[in-house]
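Next up: the structures, one after another.
Below are two complexes that have subunit A in common, paired first with subunit B and then with subunit C.
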Partner chain A sequence: MGAVAARSAIEREDRRFGWMLMMPGIALLAAVIGFPVIWALNTSLFDYTLIMPGYDNFVGADNYARAFNDGEFIHAAKVTFFFVVAVVLIEFAIGFLVALMLNDTQRGKNIYYLILLCPLLMNPVVVGLIWRMFLHPTLGIVNYLLSTVSLGPVNWLGDAGIAFWTVVMVDIWHQVSFMIVLLLAGLSALPKEPYEAARVDGASALQSFWHITLPLMRPVIVVTLLIRVIFAIKTYDIIYIMTRGGPGVATDLVSYFIYRRAFVGLDLGEACAMAGILLVTVIAITAYLHRSMRAL
Partner chain B sequence: MASIELRSVSKIYDNGARAVHNVSLEIADGEFMIFLGPSGCGKSTTLRMIAGLETISSGDLLIDGARVNDVDPARRDIAIVFQNYALYPHMSVRDNMAFGLKLRTVPAQEIARRIDEIAEMLDVTHLLDRRPSQLSGGQRQRVALGRALVREPRAFLLDEPLSNLDAKLRAVMRTELIKLHRRLRTTMIHVTHDQVEAMTMGQRICIMRDGEIVQVGAPLDVYRDPADTFVASFLATPPMNLVPARLERRQDGLRLRAPGFEIAVPDSFGSAYASHMEMEVILGIRPEDLHEREADAGPNAQPIPVSIETIESLGPETILTTKTAGGSDLSARVADRSRASVGAGQTLHFDARHLHLFDKETTKLLPREHIL
Partner chain C sequence: MKKLFYSLCLSASLVGGAAHAETVSILMEGVPDTEYVKALVPEFEKETGITVNLEVVNYAEMHTKLVPQLVAKTGSYSAIVVDFYWVGEFAKAGWMQPLDERIAADGFDTSVYVPKMMDLVGKVDGTTYMLPFYNYAMGLLYRTDLLADEKNKADFQAKYGIELKKPETWDEYLKQVEFFTKDGQYGVVNQGLRPDPIAMEWSNYLFANGGDYIDDNWVSTLATPEAKAALEQYIANIEKYGPVGAASFSFDEAFNVFAQGQAYSYITYNFFRASVDDPSTSQVVGKAEIAAVPGKAPGQGGSLNGAWGWAIPKSSPNPDAAWQFLKWVESKDITVKRALAGGSPTRTDVFDDPAVLEKYPRMAELKKLLLESHNFPTFTYTPQFVEVLGRELSLAVSKEKSAEDALAQSAKEFDELAKKDGKQK
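Here is the complex of A and B:
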């Protein structure tokens, strides 16, 4: 009896010490994440504009209803959906291919690694500026190179049909190494023995990849896709620097649209409601992927 | 079923390391061959070359008389059981066993029939829908074996498949494998560093050291006539006692003079050892040829005075570690009811009919006739 009491006293002490260690982190998170989220969710329930800032006019779910009926918001959501699907799928395909090749590389692996990591280390604003210069219709190097083989000029960021894919391409250039690094880490951690067993069992390289690499990599693939999807949904900086959502609304991603609604349209209440919708969407995707990952 | 032949096979890795050197060996159709040797002796590499998982640097590998150096592992029709089982972690036991057959486009009905048959034989029927992570070590081992068996290959290669099992399970699986071979009559090569497995399982043992074959033969032949001091000291626990000695011809016959004791060599060995007369040799004494009672040591009993250092009682027998007056260590395997006590002086009796002599320079056995 005494021993049990003593043990629970020690456990209580341990728990208190644990809380003490966690408190600074929790306080910081509450200040920089918890407070803004709660503030934004609260604001989304009021008719709060930057012209008349104040919590006098409670409108309930009105801002949410308006957002769902807002054609521009729906359009931005659609563009974002296509953008996310395009960049994540293409980055995954390229990333997996390069990771597979690097996994089999013996010499100079670190050098390849370093080169591939360079874009990821750059600030998105820098990336946007560099590519805006590269893709300038008259002064850019890309159109110059095309002209040397009698092609172009292409209006990369000014043509509504091309601008979306240009932004997709720049995002891939910037982010693909993230996929490579994560997938390569997964590949190099795979056990070697099943491959030898499969070779003796009669599997070709393609069959080994299909029946062994892919199933064994599933958890890593899911996590990689999840992280990339979340980051792609939040893409903002490249759009701000390169197109400002244009031409027209061709590259109007939802993050940039919300920013405009808040600081150009000055309707903070509705912008907060849209941000809330975006947050719920991201949480839903995360929860879904997390659950399917646990089932693996 | 298949015969396997290695002709001067060598393996040199890209970094210049020599793993296997000039190995020549014939394994008959249906034979159970054991590759035995310490870690890093090249036995696993040799096995992997036979399987096709390692390239052969030089020499020829023949299966059923056909050279297969450049034949893909899949086409050699050989199954291998790995030390850590190498099961496909994401597949059920059934899928693990079916994988190789599916790749060979065996009809589904036939796959199901073979899996059911083998699963029953190995007593894993109730595990067929589980994943490897849900199995114990022994069960995984059975599944790995089953995966090899369902393919009905021409030969089985077993790469230390029992080394990850506990002692009791290992003994059980040892017997199972022997029975399995008797039943299937398929060529089997079993790699091990465990001399009990080597002595009990195979029809022949191939002992390797530093990438070369030291001796090939039936287990008891190798035990009785170890090719050199390495084999003598590697096979059996405790190993053969090796003591420096000098072979001398005296008026009363041949004598072996070792530090602290002398042994009269049976006259009939004279002609065999004539070349080493008056020379330094290495005397080999198996621990079981040392007896506490003179009567047990036969007509050629030779007394060796020793002092007892440790006594290990194993139940049915006792291992004595002793020291001679000349400082040589001698292990003796004696009956359980030993009268020995630590620190005491005692005389052990050596049955000289079973002495072994090795050349001091080459460490090779000096062959002679056996006296029974």
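Here is the complex of A and C:
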């Protein structure tokens, strides 16, 4: 009896010691993540503008109601949804294909890595500016190359129908290597034995991909998609540099919209409410993907 | 004991610091006109013994750097420069000191400024808060060599029955735009990017058609035939007479098209005139000139005005020294020197100065441009209205909305903002 009590006392001591070791980390997280989030959520409940900054007018859920009734915000959310689906799916398809090819490569792997990583290492603002120059309809190199095979000129950023896909394409160029690197890391960590067994049993390459690679890769795929979805929802820089949401409202993504509501419209309360809605959406997606991953 | 020693040292150094000569600190934008001021500052320092500290940053950083200092009881900036975009906000928030008493006490003459400049970045509701610093009004860049060509002259005369010359009316200009769209060359290049480029450029079209943004009661006048005509002409210029992609151009891309000799005309900020004659950026050196955007009739300009002003914030740590600097930097002598270095004046007497005119003969036209220019409405929500206008114009250009609907929506949102600001009763 006494021994048990002593053990639990030691356990309690251990636990307390563990908490103490974690305290600095938790405090840091609370300061740099918890505090801004709570501040923003609190601000979203007030009529807080940058002209009259202050917490005098409590408006409750008013800012949220206005956000949901704001046609432009809904439109931006829709554009963002299509943008995220487009970039993540296409990047995944290209990324997986390239990762599979690279996984079988024996020589020069480091050189491929280096080249593929280049876009990822570039600042998004630089990427946007470079592509704006490349895609200049009359002075850019892309339309020039097209003209040598008597195509074009394509109105890359000035046509409402094309601009969206131009932005998607630039984002893919910029971010696809992220997918490749993560998926490649997953592929190279897969065990060799199942493949050897399959080959002995006479399975084709396609069969072993479908029945071995895909199931084994599933956790990596889910995490990769999840991270990419979250990043894609937050896309801001490329839009700011390349289109400012135009032409018309064709590329108006939600992050850029919220930024404008806060710093052009000076309405911090409503902007915080919109950011809150965005946060909840992202958390919901994360939770859903996390659960479906654990179910596998 | 040690602590006491340190604190003594510290306070001694603080007192020592205060005993030094005064320092005027100003946050400024990294533009050529700032450089011209910077080059002359040693003269001021020698004259007065006051040290001047110019903190030069990008435009994008300025507003975010200014606001905390303006809200503070004592900020770190003795004087500030204010873009006309911010005038309404700064005035409403009460961040600027009235200058009228200082102006009267020192007999500083503000009547020499172009009146439209004083309206834009000088007075707000009758109180002087700022001295105009430099202008960035918009003008019409056009190709003089194409106008002088004999064949063009004959063809134009035959087609339209009028002489081909520097356009004096908006209608004449539009004919030229149509005429010069030929042989792989464009009549005009536009800057259709949201929000500022398109909103600022289209303002010239609005004024040139005799339209305006507001009436005397701050009620929007965008749902008018003049505005509709302006927007339809703007869309036609982008679609029919301009390069592919002009709907997404910012001013640098549009200027490049003009500088490559691909377009006859480009409505833009007048400071781009200097870049036309720079062989490293332009292939049309000596072949282009700037003019006031023509209006409905000769003498009625359509140019959009734009400018920065000097102000002393309420939070200024040393307003007297700041005023001494403002008085100096805006004196006739120094403003002439700035203009000779390449600056964009705001004082009529600088435009008329013989030395300035001799070095830059275009100053005569630029003076006309300013005198005939029109102001954008400045109120607390100017940046937000530019955002709305840019969006609606862009929607009309990309054919997602009719010109009428886009203008009606802009007018509606303007009226809401003006009411919110208390401008409209």
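Following the convention adopted for this analysis, the second predicted complex is superposed on the first by the 268 of 296 C-alpha atoms of A that agree within 3 Å, B and C clash if a C-alpha of one lies under 4 Å from a C-alpha of the other, contacts with A are read in each partner's own complex, and residues count from 1 in each chain.
Throughout what follows, contacts are C-beta pairs under 8 Å (C-beta built on N, C-alpha and C of every residue); 3 or more make two chains touch, one makes a residue touch a chain.
Quick caveat: nothing in here was measured; it's all calculated off a predicted structure.
Colleague: Overlaying the two complexes on subunit A, which is it for subunit B and subunit C: clash or fit?
Modeller: After superposition on subunit A, which the two structures share, subunit B sits beside subunit C with no clash.
Colleague: Of the partners subunit B and subunit C, which touch A:Asp201 in the superposed model: first, second, both, neither?
Modeller: So A:Asp201 only meets subunit B here.
Colleague: By the touch definition at the top of the document, which applies to A:Glu193: first (subunit B), second (subunit C), both, or neither?
Modeller: After superposing on A, A:Glu193 lies in contact with subunit B but is clear of subunit C.
Colleague: Which partner does A:Gly265 reach: the first (subunit B), the second (subunit C), both, or neither?
Modeller: Second partner only.
Colleague: Of the partners subunit B and subunit C, which touch A:Gly246 in the superposed model: first, second, both, neither?
Modeller: In the superposed model, A:Gly246 contacts subunit C only, not subunit B.
Colleague: Should A:Ile212 be classified as contacting the first partner (subunit B), the second (subunit C), both, or neither?
Modeller: A:Ile212 contacts subunit B only, not subunit C.
Colleague: In the superposed arrangement, which partner chain does A:Pro119 touch: subunit B (first), subunit C (second), both, or neither?
Modeller: neither
Colleague: Is A:His136 in contact with subunit B, with subunit C, with both, or with neither (first, second, both, neither)?
Modeller: In the superposition, A:His136 touches subunit C alone.
Colleague: At the CA centre of subunit A, how far apart in angle are the CA centres of subunit B and subunit C, to the nearest 10 degrees?
Modeller: About 150 degrees, rounded to the nearest 10.
Colleague: With both structures superposed, pick whichever of subunit B and subunit C touches the larger number of subunit A residues.
Modeller: Here the partner covering more residues of subunit A is C.
Colleague: Just to confirm the value: shortest Cα separation between subunit B and subunit C in the superposed three-chain model, in whole Å.
Modeller: Result, nearest C-alpha distance in the overlay: 51 Å.
Colleague: Would you tell me which residues of subunit B are touching subunit A in their complex?
Modeller: Those residues of subunit B that touch subunit A are 51-53, 72-75, 78-80, 82, 84-91, 99-100, 103-104, 147, 151.
Colleague: Any idea which subunit A residues touch subunit C in the complex?
Modeller: Checking each residue of subunit A against subunit C gives 50-51, 53, 132, 136-139, 153-160, 163, 243-250, 260, 264-266.
Colleague: Can you tell me which positions in subunit A touch subunit B when the two form their complex?
Modeller: Within the complex, subunit A touches subunit B at residues 191, 193-194, 196-203, 207, 211-212, 215-216, 218.
Colleague: If you look only at subunit C, which of its residues touch subunit A in the complex?
Modeller: The contact residues of subunit C facing subunit A are 67, 71, 89, 92-93, 192-195, 243-249, 253, 256-257, 260, 262, 380-381, 383-384, 387, 390-391, 394-395, 397-401.
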